[in-house]
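Each of the next two complexes has chain A plus one other chain: chain B in the first, chain C in the second.
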Partner chain A sequence: MTPDSSAETKINLYAPHIMSGDSTGRIIWTVAAAMLPALAYSSFIHGINTLLLILVCAASAVAAEILFQLVTGRRITAADGSAAVTGLVLAMTLPPLLPLWMAAAGSCFAVIAAKQLFGGLGRNLFNPALAGRALLFVIWSGSMRTAWNVTSEGNIPAEKLTSYGIIPQQALDVITSTPPGEGMYNAATVIPWFTESFTAFYDFMIGQNILKALFAGNSGGLTGEAAVILVLAGGVFLLWRGVITWHIPFSFLISLSFASYFFYSFTGSVSPGFITFIHIISGSVIPAAFFMAADPVTSPLTGRGMVIFGTGCGIFTFIIRSAGFYPEAAFWAILLMNAAVPLIDRITKPPVFGLNRSSK
Partner chain B sequence: MLRRIKGGVHPHDEKKSTDDKKIAVLPLPKKLFVPVHQHIGQPSVPVVKAGDEVKKGQLIAESADGRGTPVHSPTSGKVTEIGNYPHPLYGKSPCVVIESDGLDQWQEGLLTDRSWEVLSAAEMIDIIFKNGIVGMGGAAFPTHIKLSPPKDKKIDTLIVNAAECEPYLTSDYRTMIEYADDVIKGTQIVMKILGVQKGFIGIENNKPKAISLMKEKCKGKKIEVVELETKYPQGAEKMMIKAILDKEVPSGKLPMDVGCAVQNVGSLKAVADAVEKNIPLIERVVTVTGRTVKNPVNVMAKVGTPFTELFDFCGGFRGANGKIIMGGPMMGMAQVSLDAVVVKATSGIVSIADNEVDLKEELACIRCGRCIDVCTMRLLPNVLSILSEKGQHQTAQTDYNLMDCVECGCCYYVCPSRRNIVHYIRQSKAKNAMLRNAIKTGSK
Partner chain C sequence: MFHAFKGGIRPPLRKELTGNSSLENLSVPQVCYLPLKQDSGNPAVPVVKAGDSVDEGELVAAGECAGSANIHASVPGRVVDIAGLPTVYGVQPVIIIEAEGAFGKTGKAGNTGSWENLSRDELFKKVRDAGLVRLSGEGCACDLDGTYRPDKKTDTLIINCTAVEPYITSDEILIRTHAEEIIEGILIALKILDASKAVIAVNDRNSDAALTIAGALGNRRSASAITIKKIKNRYPAGAEKQIVFGTLGRVIKSGQTAAGAGVSVHDVATIFALREAVVFDKPLIERYITVSGGMIGIPGNYKVRIGTRIGDIAEECGGLKGKASRVIIGGTLTGTAVTDMNIPVVKGTSAILFLSDGEAYAGESGTCIRCGRCIRVCPMGLMPCRIASALSRGDMTGASDFHPEMCIMCGSCSYICPAHIPLVHLINRFNSKDYEINPGPV
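Entry: the complex of A and B
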């Protein structure tokens, strides 16, 4: 097409005329891709219900978005992938054996109430997936606390993996020997309790070889933490692709480490370093830091703001864990800090060129 | 030492296709459409009428208010009409149409041979004014105004802007290579006019030949060649000053407020020509390039040459064009007609192929923060775009420093949601200007 005054023109006449070629769709689908290994492994370990849970979460999120946009007469934007990713992130935060209809309800709430009612993509204040999880937790706390995969058929693949030497025997022991509802269904929730009798805690951890279980097998936790190492790999992939920056995950993990280390040092624990390590690799902290806190829409704009945000997430995670009662403290901490984002943005505006600094 | 700025982007520079090409001379066009409005400010007023014979270099339009620049005939021939024809920036604009007689005869009194060293600053400013010289980097600000700062502004440094940070363009680069002596002479002249002792030439490090040549030519003179990181928008005035002197021009102020004057390479060559030879600004180096141009060139083109003549000289197009841009692709203006003509500010004409034009839909801001990372003015471009969308133009100005935006376009370049943030910002600026005018006229 040659520019011609008579031609009906769709082109933008105003500069700039070239672009870097990156797209929001690519960013969102990259996040989905980064989650897949961890979710796939989780389905493998926990069985068919988990696979269905993941699919139902994603599908119902997309369906809810399309339905809402049809009813309100908006443009259908499901192709940008954001609803699907919300569903996948929600699946990460759910117990692997949760009834599917509950997961679907959570997904719909996440997309409609926490995202679309705020104005759709980019305008929501709270992380939609975490808002969905919060609702599920409040309504169906029973299932949300007990639908773990501990001694069910879901362990058969794990046994197979062990027999091939892919995951260690100790990991399988943890998976198969811990009964539901008591003991070690989630390292994060047992930590406060064990600080009173630290030696028992220490023996328990080392005795069961929890580290290997957390890294290579599963610790009986949420769908998203079947293998921390895979979640971490996904996070590093996002960093490498430039989808997220280091600010939030690092400040999150570092502030949680500091808070934990100093707390356990001052309260006279034998090995504060070890407990701190457990704090980091358990209780969904890694998925929370890389996939939920670092969500660009619900985190601050500038690097400084992100560091404040991440630090707040880390500190609240520790406070909720040690003083509070809810499991998965990291998710609640993120929701709390989401509410603070407009304030953080306001106080971390960058100094404008030639304005705040007088010329030297 | 390599100087850097914070922020900015690295577009593919695309300079390979023309940077080794010598400046060609365009065959004399049959008809020239010389716009009378070729600088920022009031359009000049034609002093010739249809039927007049003109010589090359003859005055054809004079300044309306003494601040604008006069326009001269680029060749000898006959004025056939004064009418509205496509201008690359101002839509249809009054042009003096000159039919060339093919002789290209200079007017008498030009082509002198005098030395700048014997002339006084005031005389030289007058010569620069009379020869119609403007900033040739793209802004077309009258040079004689830039060189006559108010008495209370003491200027101590001249910076020669040879960054040429826009992709595709090589006209400044070729000027430096082929007219190195003129550029240095122009620099010395401007230094004398401003009474400054220190000059810098800032060149991006993707032009090593120009850097070494300039370094050699500057030996023994009070001019220092500074190597700059190749990064857009290094050539923005404020970024030049920041990189070279580490000074920030205060918000709402001009380079002269930090004791600086910035001049483009092409303008300095024009200054040297005007002062020594009394040649008015009637032609300039233009890079004609782009992926769809058959044979990209650097060409010495007369002001008033239609773009079609330039593309014919390049052998025409191959493949489908998406856009034709005057200037670089980051800040240039897309053209609605190929009949638009070369003006004093035309550093290049770039064709953007059909498949390079991005027609994808604009999405909502996902707050990824990339625009903030690349904003050299350290603004919050995404917030400005959202405020503009909501119509909160005043908030943008009072709380988010709207007016500090230099419209370099880096924010749009990196935006994954393809939001034309610069355009939103321009709209806000325009809306606020309208409001200010309304208040002004209302209070009278």
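Entry: the complex of A and C
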């Protein structure tokens, strides 16, 4: 054959001519894969409604994106998986027994208002899933606060507490109507409700059951945190695949640990280390750190920026938990830090190698 | 003391295709095409005209100034025309020589007079007469940078032996087979530069090369000025600013050249040719080229006459196995893709790669997902994504705030970008003022 005809080609011909083989689609689908074990386990624990909830979230997010892109005449980008992942992340943040139509509404809002109206993938300021959750929380806060397996077998703390006897109804309400562990965050609020000493409550909480429940599932939390250990495994998988870097999750967890440890040390708690541990492994902190805060689109560009961002997330999580007694403070902290990303990006430009400051 | 530049990438090196080949000679071309511009200087001025007979190695075009080099006939024969033809540097006048007569110089040892007795100026004159340029221009040939000029003070010579470019193995093989000659070349270069030491920068993964050089150094008494420095196996470790930092810890400031920092950086092939120019008075009429890629019949490293058409080379290297997805002159990260197989090899052509569909990237670019990978890999500490996003908004001032002028065009950012945004292409367009001529997006 003649070489002349063999080289004809119409594609872009500028260098570089090889690429790393990584692609947006691959990154996003890897995130989806990393979430699957935790979500599957959650469906197993919480039942069919949770499985449907996850499917509805993903499907309605994809459908909403396709519809929006059809109506506005944009290119259909569902294949990159970002809408599906937004749906899955949203499902992680919802109570497992939430009515499905609410979930669908949140999903549509997440994709259309929080993502497409900003210009689509890569241009949104806020994490779409968390924005969707925030909307649901504002509109249907009743359901968002109560749609978990409160008294079912799945909820070990509720079961245990009911039989504990010494816990006043007021405190029990708080503890069982929010995800487990949240009740611990505001020791100052909870302690006075106890007629007996705090030690009794502490004794119960430090019992092996609660740890087992939080780590191995059936703790009755949100869909995404049925088994913290599986979520953690997904996060480690993402780190290993290079999809996310250590900066955000580590600075998030470390700053939250420090804030909590120092606060409880100075306020004279029985065991600041233990409460700190509860802070980390409950209240969706692990899924938030690995799957929501580390979302590339809504986090800073540089490593230094990411550390600032993650640290901010950790500190605000603690502040919101302590002051506001909001469940899932981590989600609100991330949204707050999302808003700060443009500013963080501006102050964390990396130093240019060999740039002569005086010449410019 | 281990200085590592920030960023960088590790593309698959694919050196197994040619890494064990020996250096082979390709046959001299029947017709030889010599572009007048083969370096960063002005085009050379022809000293022959159509109809003239030329000898092998005879001067056919004279370098005009410090930045442009002499060009010699790669084959003996008759000048048939000087005509505008496509080359890797665009369409330009090309001296076309039809081969005839005897190849007197091939294989002849020539003058083996001792260079030690010559002065710096005499040595430098030999180099200039031979038309030497940098042989690994990575798509942009450049000249001697003025570093051979006697009035410039250079203290260190760095030999780039990093071999971090995918596919290209000619430098490694030259070291393996000609370590003695390269060391002699380094000693000559040291004398011309009046520099006190030379550092050979070797990839820390390539212990073969380091051992060969160490062995050859051990054999010479006068080689105490030469040391070996292992540097991290990352692209672009061989880029000038990165290699100077990696070997000496010296930072070349913006607006400063390597010579300004007292360093002269050269690649193995150039040093090898420099020795031949000085020891044999041999003009630069041939060079080693890596011919590789999934589509070429017999990949390998070949000695090729300057002016041979790449189509002729492909044919002699076993032809193509099928349709090449891309034909690249130079490396995969910075080279130029060509479609015209009549383009001739020039002095700065280090490789010709015939890539298969699986090897070359061919896909669409999407939107930036702000992953920051381009920033992490940029060896200059730039934010390619911010430059590109400013450019896509048409915000030229915004783009220049991110110092696109500091880009060394290494291509790492485009390589790593998961959205396949042609970042280096956009930056290059900005730096070459292309947006002023052709406004609008990519």
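Definition applied: the second predicted complex is superposed on the first by the 293 of 360 C-alpha atoms of A that agree within 3 Å, B and C clash if a C-alpha of one lies under 4 Å from a C-alpha of the other, contacts with A are read in each partner's own complex, and residues count from 1 in each chain.
Definition applied: contacts are C-beta pairs under 8 Å (C-beta built on N, C-alpha and C of every residue); 3 or more make two chains touch, one makes a residue touch a chain.
This is a predicted model, so every value here is computed, not measured.
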For A:302, select first, second, both or neither according to whether it touches chain B, chain C, the two together, or no partner.
-> both
Chain B versus chain C as contact partner of A:20, first or second or both or neither | both
Look at A:121 in the shared chain and tell me whether it touches chain B only, chain C only, both, or neither; answer first, second, both or neither.
-> both
Check the residue A:352 against both partner chains and state whether it touches chain B (first), chain C (second), both, or neither.
-> both
Contact residues common to both interfaces of chain A (with chain B and with chain C) = 1-4, 9, 11-20, 22-24, 26-27, 77, 80, 120-123, 296-297, 299, 301-302, 349-355, 359-360
Partner chain A, residues of chain B touching it in the complex = 9, 11, 167, 238, 242, 246-251, 253, 258, 320-325, 327, 329-338, 352, 354, 356-360, 363-370, 372, 376-380, 382-383, 400-401, 404, 407, 409, 412-418, 420, 422-423, 426
Using the touch definition up top, name the residues of chain A that touch chain B in the complex.
-> 1-5, 9-20, 22-24, 26-27, 77, 80, 119-123, 245, 296-297, 299, 301-302, 349-355, 357-360
For chain C, which residues count as touching chain A in their complex?
-> 5-6, 9, 11, 139, 166, 241, 245, 251-256, 295, 310-311, 314-315, 319-320, 322-328, 332-342, 353, 355, 359-363, 366-373, 375-376, 379-383, 385-386, 402-403, 406, 411, 414-420, 422, 424-425, 428
Would you mind writing out the residues of chain A in touch with chain C in their complex?
-> 1-4, 6-9, 11-20, 22-24, 26-27, 77, 80, 120-123, 296-303, 306, 345, 349-356, 359-360
